[in-house]
Amino acid sequence: MTIDRKELDAAGRVRHETPPGPRTEVPAVDRVGVEHGASGSRVHLEDVKAYYGTKRVLHGITLSLEPGVVTGIIGPSGCGKSTMVRCINRMHEEVPGGRCEGRILLDEIDLNGPEVDVVGVRRAVGMVFQKPNPFPTMSILGNVLAGLRFVGVPRERRIERAEAALTDAGLWDEVKDRLSDPGVSLSGGQQQRLCIARALAVEPDVLLMDEPCSALDPAATMRIEELITQLKRRVTIALVTHNMQQAARIADVTAFMLAGELIEVGSTDRMFTDPQDERTEQYVTGRFG
Amino acid sequence: MMRAGLAGGLRASEQDLVAEARLVHEQLRRVTEALMTRDPRSAAEVVEGDDAVDRLYLVTEDRLLKLIARQGPVAGDLRLVSAILHSNLHFERIGDLCVNIAKFVLNGYRYPTDSQMLRTLMDMGDRAAAMINDGIDAFVARDLELAERLTVSDDAIDVLNRTMLIHLRPYLGDPASFEWASHLLLIARYLERIGDHMVDVGEQVSFLVTGVFREFADASHPHGAST
Amino acid sequence: MRLRQMAVDPLGARVPNLRRRRIVNAAWIGSAWAGASIAVGLLLVVVAGVVARGIGSINPTFLTTPTDPFGSGGGISNAIVGTAILVALASAMAVPVGILTALYTSEFASRRLASGLRYVLDVLNGVPTIITGIFVFGLLVVGRSQSGWAGAAGLAIVMVPLIARSGQEVLALVPSGLREASLALGASRWRTVLRVVIPTSIGGLVTGALLAVARAAGETAPLLFTCSIFPNLVQTDPSRVLPNIPITIFQFSESPDPVKHAQAWAAALVLIAFVLAVSMVARLLSARTRRRLQELR
């Protein structure tokens, strides 16, 4: 039996005299699952503050979403995690009184810059919502085509893009014989994958997922989680979830937010085995409040 | 359908456990060979080789802790995690015992290699090495029968261990040989401990398969009490 | 047998005044049932009364012949055609305005402006229609003459708040998630409205329009000063005064001729049949739309 050298290199050096046990030096395998050659964009939030009218709900968030990485965003209800991702595709400003300050860079571009059009932002930064929301008057195919129409992809290229998107969302084989059925005739999990396909069709660099599984059963949740793991090579993913275990399972980096502040961010391994902040520890251990 | 992250982590951990067991088996065979030939070079290699065992131990320990933290294994998956964690420690300890034997060889005592004590130790070493192979085979195959048969081998090692006292007698009066002779007695004890560790691994296999933890009854712990 | 069982209700002792509670409960349910019965009964009595008195005069000649002011052989074809044209014109004016108003308040206006607009529409809806009639009279008839245009305008003023308010309610049922999905794909607001909001709620919007049509078809007061002095012949030019059913009913009922009285009932029957038919279509449409929107919630 040969030993996997790479595996051994990943571990720290430990003298055999050292009594082995949990207190021994931890091997340096606390590396973030960065996929090399990942093709998403980097998103950098710099001191982002968000308001509803005069009420401030984000108090200066600085955080980076790296390509090839699923960044899980956890925190109790109302901590501002949804608001934060909604600032990235400027959906926050669609809410009456919604306002966002600070810099949000997509690679080098300031998404809040005066010359940046919101349509371009949303083409670059796709979003999947908590509840599957296929357009009820459109067919399965029509739903995927809708985004392409909105962003003005030429008619003859739309169908192939739609098929590619459905394939990427792991839905093609299930729907290829019923593309003209209404999108809402699918099961909940399929509807959510349809929404993912719809978002992917416009080829975004970033995909924001706002509690994408909270309305789904465990089996459908597992499918979506697998899908997220596959998609991260293509698109930078931010995953807002109130389900800590979900962040633990599929996020490579986890950010913990509380009352509009980013408390701690780090590799998911570390956040769930050795968080640095007392509040993170309390939250992930379920002793909050 | 199984969650990819969990399945992959468990598979990798079990593969590492097998690798660790094979490595420890090799360490034991090498150190008994070094003992038989009084070969300090070979013994030094065993001491060095333990680093690899320790690294495998830590990789598995670390991976499984993170797996528990992130994947929340339950039922059979949880038993596998627990069984690997326990067995991992046993194999690591066996590695340490091999190092203890190697260090004795490195002391350079001029003990006779054709004594009854050495022959008994060789016999014990062979049996302990076979137990390591049987134990990890039983683990991989989830073979309850093979796991329970480890107690038979362990009983034989225990008997051999007790005969060491008899073989020690000729050297008791001789101050020149007393020191190495008592070390050889300790080595017998180490080999006997390896047998006990492997019986414990067998118990982990039993737990993994049946979901019930029980200590195997054998001559060394007739009342189910551990030594 | 059942009473016996209740008497020994093993948990009865935990509920004080069990008997009184049951009586009060029964009394409330009874009076609510009675109220509902009266409402249904009224509708039945009105419809049955109209049918009983009017059905005798309904025949093909009545429906296809213009009014004969002196003889008893005429019908109301001129009024049917005129009402159809009036309602069509009024709808052409009111439906776009009403639906655009609904879209503006639900999709574009700020929350404060939207609630203000809703209030304004409610007030407009509450304006007595005779006042609407006088207003249109002052605006379009004084100095000119009565006309189909003026009548249609009066009816349109009645229809706009109905269409707008029912439209608002339907649009409020469209889940905000659909708008967000569209906006998040890079669609502009008007595109979202056109491609997603309207297609999703179209059934409900049509329902609102149909109910307004039914209401306008029977409105009399807005026509009284604007479109009431008409000739007894089929008229299609809206710049002239268009004959119409509500005014015809009024005129017939004022006539000393008992034949005309019977014809007034028959005209009423035609009107009520039209209103009921339109309401039923509207109801079917609305049930379908609401079910679909409910499923989306």
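Brief remarks on what is shown
Labels A, B and C are assigned to the chains in the order they are written; within every chain, residues are numbered from 1.
By our rule, a contact is a pair of C-beta atoms (placed from the backbone, for glycine too) under 8 Å apart; a residue touches a chain by one contact, two chains touch by 3 or more.
Computed from a predicted structure; not experimentally measured.
With centres computed from Cα atoms alone, the innermost chain of the structure is A.
Comparing mean CA positions across the assembly, the chain most remote from subunit C is B. Note: centroid distance subunit B to subunit C, computed from Cα atoms, is 90 Å.
Annotation: 49 Å between the Cα-based centres of subunit A and subunit C.
Residue positions of subunit A with contacts to 2 or more other chains are absent.
Subunit B contributes residues 1, 3-5, 16, 18-19, 22-23, 47, 50-59, 61-63, 65-66, 69-72, 89, 92, 95-96, 99 to its touches with subunit A in the complex. Those residues of subunit A that touch subunit C in the complex are listed here as 89, 91, 94, 96, 118-120, 122-123, 126-127, 129, 131, 133-137, 146-147, 149-151, 184, 195, 198-199, 202. Put simply, subunit A touches subunit B in their complex at residues 1-4, 7-8, 10-16, 18, 20, 22, 24, 26-27, 29, 219, 222, 225-226, 229, 245, 248-250, 268-269, 272-273. Residues 110-111, 175, 177-178, 180-188, 191, 195-196, 199-200, 292, 295-296 of subunit C touch subunit A in their complex.
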